[in-house]
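Labels A, B, C, D and E are assigned to the chains in the order they are written; within every chain, residues are numbered from 1.
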Amino acid sequence: MNPRPLSLLSGGLSALLALLLVSALWDTPVHEGVSASVAGAMGHTGVAHPVTAVLLDFRAYDTLLEMAVVLLAVLATWSLGRCDTLPARPVQGPVMRGGLRHLIPLAVLTGGYLIWAGGAGSGGAFQGGAVLAASGVMWVLAWPRRPDLPAPLGLRVGVTLGVAVFLAIGVAGLPLGPGFMGYPPGWSYGLILTVETAAACSIALSLVLLFLGGRPWRDAEDG
Amino acid sequence: MAEVIRASLLIFDGLLALTLVGVAWQLLFGQGLFRSVLLFIALGLLLSLTWVRLGAPDVALAEAAIGAGVTGALLLVTLGRLRRMATGHARDRGKGS
Amino acid sequence: MEGMSDGLTWAAWLLIVPLAGALLAGVWPRAGRWIALATSVLVALLALGAAAQVWTQGPQVVSLGGWVPPLGIGLRLDGLAAFMLLVAALVGLFVGGYSLGYIPRDGHGERFWALWLWLWAALNALFLSGDVFNLYVTLELVVLASTALVALSGGAAALLAAMRYLMVGLLGSMAYLMGVALLYTQHGVLDLGLLAQRGGEGTAMMLAATLMSVGLMAKAALFPLHVWLPPAHGSAPAPASALLSALVVKGAFYILLRLWLTVFQDLAHPGVMQLLGGMGMLAVFWGGFMSLSADRLKPLVAYSTVAQVGYLFLAFPFLLAGPGGWHAAVFLVAAHATAKACLFMAAGNLQEANGGDDRLASVAEVMRARPLTSFALGIAGASLVGLPFTVGFVAKWILLQTAITSGAAFWAVGVVAGGLLTGAYVFRLLGPAFRPGPGRSGRPVPVLREGVTLALALVCVLLGFAGSAGLRLIAATPVAGPGG
Amino acid sequence: MAESLHAWPFFGSGVLLFVLGLHALVTRPHLLIKVLAFNVMGSGTFMVLLSAAARGSGEPDPVPQALVITGIVVAVSATAVALALMLRLYPILGGAGLPPGPPED
Amino acid sequence: MEAQGGYMLVAILLTSLAPGVTIFFLREEQFALRTFLNMAGAVFKVVLVVALLVGVYREGYTYRFSVTLLPGIDLVLAADALSLLFASLSATLWLVTTVYAIGYLEGSPRRSRFFGFFSLCVSATVGIAFSGNLVTMLIFYEMLTLATWPLVLHRGTPESFRAGRIYLAYTLFGGSVLLAAVVWLTVLAGSRDFTADGYLSALYPEHGTALTALFVLLIAGFGVKAALLPLHSWLPRAMVAPAPVSALLHAVAVVKAGAFGIVRVVHDVYGIPLAVEMGVMRPLMWLAIATIVYGSVRALFSQDLKRRLAFSTVSQVSYIVLGVSLAGPLGAMGGLVHLVHQGVMKITLFFCAGNFAETLGIHRTGEMGGVGRRMPWTLAAFTLAGLGMIGVPPMAGFITKWYLGLGALESGQGWVIAVLVISSLLNAAYFLPPILIGWFGCPAAPWDRERFRGHRLETHWMLLLPTLMVALLALGMGLLASAPYSPLGWVSFIFGVAPGHGSEGFAGGAGP
């Protein structure tokens, strides 16, 4: 199709869709959603923050699959080929290096705090993982020509760890009573914190690797 | 007093909502990739603010860290690689002709 | 209560095993083939067990982690889900065996195994899910795994096709997600069963139905949203093409059917359903004509998928045809999945033997010298056309029977005419093999692959005797609205 | 619905982001813009979800928040894959725009 | 009546199916194994059919085998007297044709493929014979399409590809129509076994229109293979296939499968009384008459020998339909007995045509002058079969026409005899000239490519022997028409009429 009629058609349909969406939303009732059930069940989970409870307990299965999406994205980019060098210059001079030396531990600390804080208030594995990833990105940007990365096996284990730990805990629910993706009573807090830590580490590593945009090691096919 | 706060908040919300749409329009239909990417990062930060206004601080954190931060970094590095390839291309073409 | 926990166990292991296999194969690519082999055998057994569970104890809805919806996420192990799981397991098992002879051992292609297991895990999760948002996440998993599989060969055509597929897939996912948002805004729940109870016909529901249907139709490659499919399925490696055509488009179709059976049951007006069926018929003819005019093997088979997906959409007008009218289309999923996987495998054998060239004229020479593959191609083709002693015949029979029972004879005419069109392109594909001239076995193709291809063709025949059992299994699906 | 009125600007904004993204995804040829458009569409959807959750009188519903966090993570994963694919395609296409129509070969 | 082990029926199918499938995977040079498999299967099939014949005739057994395909729909194999008529024809002629084909194709390429599909065809034909209900018959009918198509293409010339395309278009279309009709009928009446006098009468006045429409669709579906008038034109083109294919498939299996299907529909699905009440028999009769006359006229003007035989088939197969449509037992006996008689006589003619072509390169009737001196045995066989076709007493064709005439009188439509007379005159007009110039003429030009000169026999023994056997069979069926296992005797048994009834007044030599 020519760009022009296509643009008109798409614009018209989009405008129509916007009108319909607004009118549809206008009619929707105001409701509590699931908040009442969440509030009622909070006592049975190990965490105090409702969003964390939904993410890692009530809808833990969603979160497992979401982490799987991140992992699969890493594998997909790896299967496309090897990453090339980053389009950045190495960090020059002692000031920047010194700055990085202080900034990175700070980011790691913030990330760790966010993971831990998720149990009681805002924060959690994904936010914490993203902050950790930011420190990782700074790390690789500091030495873009030769990112100092672990061995391939370590990388593979690292990105898989979060999903694997979560899955293992989910499977443990089968013999222990609460069923698949359930926590045994009284264990919730500890297990959720374990899952969050593993998830945050894997997500941080995965995001850094996605940033690199390809497989960071050499395979037979790379020639 | 509460009325005034409520009204000014509503105005703020309205302006925020309009800005979001404006930024989105600019980044999608404006000229220049780099500008689009920068505007996208800005949109992420504005969205983060919106999530706070909608009572979702967790989402705001996630948006700022992932939506604006990581995605922004990804886009920037991709843009850098695209440029490097484009100059490489131009060089190749120069060599070829 | 006992039965419920059993159902949860089967469903849970059907999620756990392929996912664990995918994780292991990702960590340890060198052992990928053995992990994949073990996983596929296990998953096939589990799918059989789950189907037996549904067969004996009826459909089961179980909640994960003990959190009952709307708070938690429910899994649905009913006849429809069990049937799809079985089809996926059957095709998966054979594609796995075929890939043992296709994927080189040198580390170059070993990443295939992990991606394949990811796709399988995602599909199993999709078939079992009972929650609209959870379905969205599974859809994204399917899109990412499929994209990687399409791009696997790394050629220009494959990368371009993968990009197109990814764009359409993401667009479809976004439309679907907006539908989820509308549903939650309207009803405040995400569980399929609860949404079905609330039902309703308001603007929000209609818009949600439209957005989700269009998004899923794009993923299922329903005409005219099919343009991404032929290049994607035509340029992927043979086992990936087989999986994509046999299972992935069916995943989107499955969600669409599931939604119309539950959430949107109040919206299933005759006009809407006829529209979906009519689009399906257009797809049958468009795909058929494109297949008929293709001059290369893989595009021909890929366009045939566009056509065959069209038949599936007859499920929607048949929803209103009385209890269980839609079962016919679901049974057709099994027929098409086995036949199409077999066709792509056979095409892969011939293409490789012919040095990568799949033009019909030159492939014919190879066909003459390779009776195993040619025989498989013939049987699978016959099943696609719906000729007797194949599962395709039984599926076509049920489809026609439903059309005639429902009093809508024009669907029957469409099915018969579409079958003739299918016959035309299948025999056009087979015809050149009978031309005189020397046969040429070409480059070596592992006997394992030819054997697995033929074995899947024989499955197409054997399934022809599984019509009663299949229909009984599908019937174990609780449906409250039309179609129940 | 006085207390829920403040959700309305964001409902409207969310809808507009969604359709702007849709329009751009269909009409803009550059793949990078398409990726941005897909992200904008997602943000619009998230905004609709969260605005709806914020309409109630009490505490906002936590479930949509969890869904949106999941959605954001999924979006960044898909974006990363799309960008990686785009970079592989760039040397082949000699640009980052999809050629119109399905390729012949 | 006692239902016997249905495994016999499965075994009969397997005697050709198993060798067929095995042969596909044999290498070209495995001649001995291939021949052994073929011959063993063919002999075994004949033996099994004879066992069934005896069981049905002497002990009154019924054989039935069923597998569930879908809820309420079974795949049923059953042996009744009617199915055995067709099955024994196919089994006998397969044995003979296998010998002929081995001789005919000696040294030609891709014989594995040929014999593989050939055996599949026979399996499908026998499956049609033993089908216990319409669904099963439909399944084997489509299988027959699938298995014959490669045989039509076998020569691989552009002409055979054209013929193959046309054949496929016609038969797939016919199959689709039949599929739709059978599904519709199943929705209306369920899937029921064939029963004498049909099972649809309960539906009659209520679903009258649907039943009439269904009748039209069913006749159209079967009529494609039976080469009824507007659907016949694939048949003459399909004669590009090798002679054994033409002989067995296009004179016997395929066209007879269509005719047999029509017999089943009229007798065992609708039943004669219902069909008469619905008023569909009269149009069917007109269709048959039109096809008889049209086929004969076209045959008269065809100079190519095989083409002439093909049009003769178009005409002769409609005798069967005519007999059925006369709606009385005597007419039906005439039709059914012609199923066998025409099959044996026509295969003789095709074998002869094949022998002429293979030995002397004769393809046109005009080239047959003086052939009697070079190939007396073959021409004698041709003469016997040709006279039979014309209906000269005491040949088999005469028995057919006699009973058809009686049937016409019985149903009060004596004028049909005029049609028979006209058709016989036309038959004479196109069969006698080649026979006469063959015996009494001289070769107009030296024969194209003469082979087997100086042999002890006039041609390869594997071509000559089967030809003579079927010619003798055709002769014997006429002479011994009143013996209990003769086709006429068997057809009388089907209708519960004493053998020989109605013929004693005339055929003094044939009656007891």
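We adopt the following convention: a contact is a pair of C-beta atoms (placed from the backbone, for glycine too) under 8 Å apart; a residue touches a chain by one contact, two chains touch by 3 or more.
Everything numeric in this text was worked out from a predicted model, so none of it was measured.
A.B. asks: What are the chains that chain A and chain B both touch?
C.D. replies: A chain counts here if it touches both chain A and chain B, which gives D.
A.B. asks: Using only Cα atoms to place each chain's centre, name the chain farthest from chain E.
C.D. replies: When every chain centre is compared against chain E, the largest gap points to B.
A.B. asks: In terms of C-beta pairs in contact, which of A-C and C-D ranks higher?
C.D. replies: Greater number of contacting C-beta pairs: A-C.
A.B. asks: Taking all protein C-alpha atoms shown, work out their mean, then name the chain whose own C-alpha mean is nearest to it.
C.D. replies: C
A.B. asks: What's the distance between the Cα centroids of chain A and chain E, rounded to whole Å?
C.D. replies: 73
A.B. asks: Please report how many Å separate the Cα centroid of chain C from that of chain D, as a whole number.
C.D. replies: Distance between chain centres: 27 Å.
A.B. asks: Measure off the straight-line distance from the CA centroid of chain B to the CA centroid of chain E, and report it in whole Å.
C.D. replies: Inter-chain centre distance comes to 79 Å.
A.B. asks: Could you please state the distance in Å, as a whole number, between where the Cα atoms of chain A are centred and where those of chain D are centred?
C.D. replies: 17
A.B. asks: Hey, what residues on chain C touch two or more of the other chains?
C.D. replies: Residues 133, 137, 140, 144, 147-148, 151, 154, 178, 182, 184-185, 188 of chain C touch two or more partner chains.
A.B. asks: So which bits of chain B are touching at least two other chains?
C.D. replies: If we look for residues of chain B contacting two or more partner chains, we find 58, 62, 66, 70, 74, 78, 81.
A.B. asks: If you look at chain A, which of its residues touch at least two other chains?
C.D. replies: Answer for chain A, listing residues that touch two or more other chains: 21, 25, 28, 31-34, 38, 51, 59, 62, 66, 69, 72-73, 76, 80-81, 124, 126, 207, 210-211, 213.
A.B. asks: Per the touch rule above, enumerate the chain pairs that touch, sorted by label.
C.D. replies: The complete list of chain pairs in contact reads A-B, A-C, A-D, B-D, C-D, C-E.
A.B. asks: Would you pull the chain C residues touching chain A in the complex into a rising list?
C.D. replies: Against chain A, chain C makes touches at 5, 8-9, 11-12, 15-16, 19-20, 23, 26-28, 62, 64-67, 70-73, 106-108, 111, 114-115, 118, 121, 125, 131, 133-134, 137-138, 140-141, 144-145, 147-148, 151-152, 154, 178, 182, 184-189, 202-204, 206-208.
A.B. asks: State the interface residues of chain D toward chain B in the complex, per the touch definition above.
C.D. replies: 5-7, 9-10, 12-13, 16-17, 20-21, 23-24, 28, 30, 32-33, 35-37, 39-40, 43, 46-47, 50-51, 53-54, 59-60, 64-65, 68-69, 72-73, 75-76, 79-80, 83, 86-87, 90-91, 94, 96
A.B. asks: Give the list of chain A residues in touch with chain D in this complex.
C.D. replies: Touching chain D: residues 1, 3, 6-7, 10-11, 14-15, 17-18, 21-22, 25, 28, 30-35, 38-39, 50-51, 53-55, 59, 62-63, 66-67, 69-70, 72-73, 76-77, 80-81, 124, 126, 203, 207, 210-211, 213-214 of chain A.
A.B. asks: In the complex formed with chain B, which residues of chain A make contact?
C.D. replies: 49, 51-52, 84, 86-88, 114, 122-124, 126-127, 130-131, 133-134, 137, 207, 210-211, 213
A.B. asks: In the complex formed with chain C, which residues of chain E make contact?
C.D. replies: 24-25, 67-71, 73, 109, 138-140, 142-143, 145-146, 149-150, 153-157, 161, 164-165, 168, 172-173, 175-177, 179-180, 183-184, 186-187
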